[in-house]
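What follows is a pair of complexes built around subunit A, which joins subunit B in one and subunit C in the other.
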Partner chain A sequence: MFAIHQAEAKYDLLSLWRTPGFYLPAILFPVVFYYFFGVVFSFSSGAAPQMLVAYSCFGVIGPALFNFSVAVASDRVHGWMALKRLSPMPLSAYMLAKYVSSTVFAVVILALLFTLSAVVADVNLWTWQWASLALILLAGTLPFALLGLLLGLVCSDKSVPGVVNLIYLPMAFLSGLWVPFTILPDYVQRIAEFLPTYHLSQLAFKIIDADQGQPVWLHLGYLVAFSLVLGLLIRWRFSLLQK
Partner chain B sequence: MIAANTLLQVQNLSKTYGATKVLNNVSLSINSSEVVAVLGPNGAGKTTLINSLLGLCQAEFAELQLLGQAVTGQQRPRELRAQIGVMMQVGSLNANLTVREQLDLFSHYYQQPLPVDSLMEQCDLTSVQSQLFGSLSGGQRQRVLFAIAICAQPKLLFLDEPSLGMDVHTRHMMWELIRQLRNNGCGIVLTTHYLDEADQLADRIVMICKGEVAASHTAADFRQQANDQGLTLEQLYLSSTGLPGAALSSTGVQ
Partner chain C sequence: MKVKLVLLIILIAIIAGLFLLPEPEEQPTASQNTFALGPVNVFNGTEVLPLSYVIVIDGVITGIQPRPPGGEVIDGKNAWLLPGLIDAHVHVWGDALERQLAHGVTTVIDMFGHPSTLQKEKELRDQFQISRSATMYGAGYLVTGPKGHGTQFGIQVPVMNGAEDAKRVVAERIDSGSDFIKAVYTSPTAVYEHAPSISLEELEAVIRAGHERDQLVVVHVSDHQSALDAVQAGADGLVHSFFDKVASDQLLSEIKQRDTFVIPTLTFYEGMLRGTSTETLLLNNPEFEISAQAKQSLSMKIPGQFPEHFFTNLISSTTRMHEAGIRLLVGTDAPNPNTAHGWSIVVEMSLFAEAGIPAQQILTAATAATANAFGIADRGMIASGYRADFILLERNPLEDLTALQQPQAVYKNGFKVGRER
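On to the complex of A and B.
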């Protein structure tokens, strides 16, 4: 069984590696955005660590959302998923492979952002802070992977990139991942509290004491509840597709 | 009670999409070492029949036995799926993996798959083994899909219009492999629009029209009937399905 999961993950990663149209934007967008908005046009002299956390959060969400949504929609529409379902491959191998691939790309994005921030923006964190930040952000991609999976099961392969961008980019902006949360208007800040990006970023901001002061359980609870609701919707959509 | 060598038996299978009944009380059985060709016009329900048997879509049936196991609902247990090969009509693979990589990936799903090199040789894929699936021609893609369908040496094989887009040489190569599989005990369900393919391979011919079994004969009976009535196989097929064109065809008008 392990060999199936291993082979599935290996070939999913290899396939993505051969798709620069996927990984170049996924890696370069957060890094370039961070360089311009966090380093070159930094909003204040002390903002570089905050901007690092915000853009790291923005960066890791992208591969999880896009790898699941685009790949699943394409596999579904072109019959690849049906062929796999007819084989003895467990569904967990397919899902885990996608999650491993998006995590690998998320690690690359974090490595680039952490290095850039330390070298160019003089961000100086304790080792435990770097490690905690990476762990929280990587674990926090799960709800977004589920969101991507749901979109992949609902949208066509042609429409899914547009739909994902329509959700991902406004969600990132409204949660303060592009500009500091505190300079956003009050009504935007209130909207943000309903978004998973906000809650993940607040958990990450806690590591550098730059969060909005809400309790950890609120953010964790929101992300867990969001994941459970998505899980139910995915199950419903799967059953609908099989009719 | 079904015979010990019966690999598939379904009784009264029906499938509706909304208000439309796509399949109506279809019954079918396949024995080991038997090729059953399912013929019928576009939209007759051939692919829906295969999808229903495989659990890809929800259908109603009085009884369904696959490889000796009674099946209810849509789930097909993993140990069953491991013994069933499928080549779907609309089937695609990951465009960014090479032929060898695709076969290696699918081989990992099974306990005792054919060695990848041998599979490629049998399906005439060795020369394109390093090409990405996305860069292959239609016929080459069909060959890869066929290789995947047989890579586990299945006991039951579903082939949904397998020779679509294949050149003559490749069709004959595939026919030979199908015969070998049948001789080794495999039961094969083959849907096709090519009557010569059915004639070459089938032990039994089942004609489906408007979701119902319009006729079911052994291939020998089918040929005999055509001879007795002075018709070609194509003319007999058209008259059996009652489709427009039957009268014109039987009078020799093209």
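On to the complex of A and C.
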């Protein structure tokens, strides 16, 4: 049975690999963005590790949101998803394949960001910090993959990139992922506390001891609850689509 | 099978990659903060002691004696032991405190920053754990008027509205953790371009309100008249000097009479007015591995041309203050243009020397005098009961201040926390 999962994951990756027009911008966007605004025109000189963590959060969330939403919307609108669901392949294989692809993207983006930060921004972290940062951020893509999935199930393939950007970019900004909270008005942080990006980034910031000092359970609790709610919404949406 | 092998190789590559990423300087893990060190030449914060052995127990200096104590003694090799330096004027964010400590600056006085940073650092102050960061004392938010200096940096700063607002403002600072009050003041007579300032009446009210709550009140000024106003208003300290004219006899006697201290922040001004010290002492030295980030702020220039005599005014005022017996403290204003955390304190000290201040007094101005001015009880001296925050130098800093540039070792809370590089 897992052979199907493996095969589906492999071919999903292969199809991505054959569309450099998709993966190159997807990977380069966060890297270039970090280089410009996290290193060269940093709003926060003297905070290289903080900028790295913030932009890494920003970077891994992107593929989770986009890969799911765009691919699912397109598969759904073009009837490909209906075909797949009629085939004996379990839906979980389809989902897993998408998640594997977005995780591969995230790994590549993190590798590039980590290397870039070490080379040009003099970021030095303990190996356990580098490793836990990578693990937290990779695990933390799940809620965003679910959000992407929901958007893919709701929006048309034409509207989905715009909708995702409209959610992704303001959410990142308001969570202090582009410029630190210290130079944003205080109310921004109060808005941020409602956003998943904020809670994921706070968990990551804890690794370098640069978080806002709220407890871990708050952030974890938020992310788990957020994922559960999305899970329910996705189930509901699937049940609608089945009719 | 093949797929699994490829996956395994990729996984190994990723893990290997993690280990290739740079790590911070190795820190002590096993070393204890209980030890004896000697023989060392000790500059204790005010004077040089004969060759001594220093005994540290749990991060606190418990004895300084001419004879070696019993038991194991770390060979001091006649090196120079000084109290950890104190930078009396910095702005902390990011990894500023780590960078400061790496250069032997074990304590900093923050002259304006977000109170959350201060609150966090305050909790660490009394502990004796291994620490990679300098200890921070700070003003938190500064006291300024609507659209005044301090509001332009993007941090939302609460402002003061009228003299009757002074008590509230001071109470607000105390509640948010400020160790002292810093106000920004520019005299209405100042001719240069400046942000709107609180009035003299408001400044007097802030100083009064601060003193009523037993707070030190220091004032940011950048011209002669503002300095005079602030001193007469009862400021405990000025956190900048000025260069529009040479300090007048009247100003000197007012400062002297009230025992106001002055942190001239010569380095920052020097970058604007002359701009050679940082290059000569730091940037042009091929031995120094200056990070890209530090290089950036060190080489940053404030645009504009200033008459040559402004720099001589600045130095002459410093000389005159020193000769009048005024308390001068070493502060860099890092990370402003021409400065970088940790790197610039030696530049500031060399500018003190340029003003004709003897090395011994400069060293005091960067250690004991600052601790004293800000009421810091257990730092800035090498003496029994003081915290074991100190630096070990290969050469005698009294003969050459550049000996401070690369401390052989930095001790924080009695733990050897290494040196940069």
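Convention: the second predicted complex is superposed on the first by the 240 of 243 C-alpha atoms of A that agree within 3 Å, B and C clash if a C-alpha of one lies under 4 Å from a C-alpha of the other, contacts with A are read in each partner's own complex, and residues count from 1 in each chain.
Everything that follows uses one rule, which is that a residue touches a chain if its C-beta (ideal position, glycine included) is under 8 Å from a C-beta of that chain, and two chains touch if they have at least 3 such contacts.
All of these numbers come straight from a predicted model, not from anything done at the bench.
Of the two partner chains placed around the shared chain by superposition, neither subunit B nor subunit C is touched by A:28.
Of the two partner chains placed by the overlay, only subunit C lies in contact with A:107; subunit B stays clear of it.
More residues of subunit A are touched by C (comparison of subunit B with subunit C). Shared-chain residue A:11: touches subunit B; no touch with subunit C. Of the two partner chains placed by superposition, only subunit B is touched by A:80; subunit C is not. Contact with neither subunit B nor subunit C is seen for A:225 once the two complexes are overlaid on the shared chain. Those residues of subunit C that touch subunit A in the shared complex are 3, 14, 17-19, 21-25, 93-96, 114, 116-117, 120, 153-156, 291-293, 296-297, 335, 341. Those residues of subunit A whose C-beta lies close enough to touch subunit C in the complex are 6, 10, 43-50, 107, 111, 114-115, 118, 120-127, 130-131, 134, 182-186, 212-213. Looking at the complex, you find that subunit B touches subunit A at residues 54-58, 74, 76, 78-79, 81-82, 84, 86, 88, 90-94, 96-97, 101, 104-106, 108-110, 132, 148. By the touch criterion stated above, subunit A contacts subunit B in their complex at residues 3-4, 7-8, 11, 14-16, 18-19, 75, 78-80, 82-83, 85-90, 242-243.
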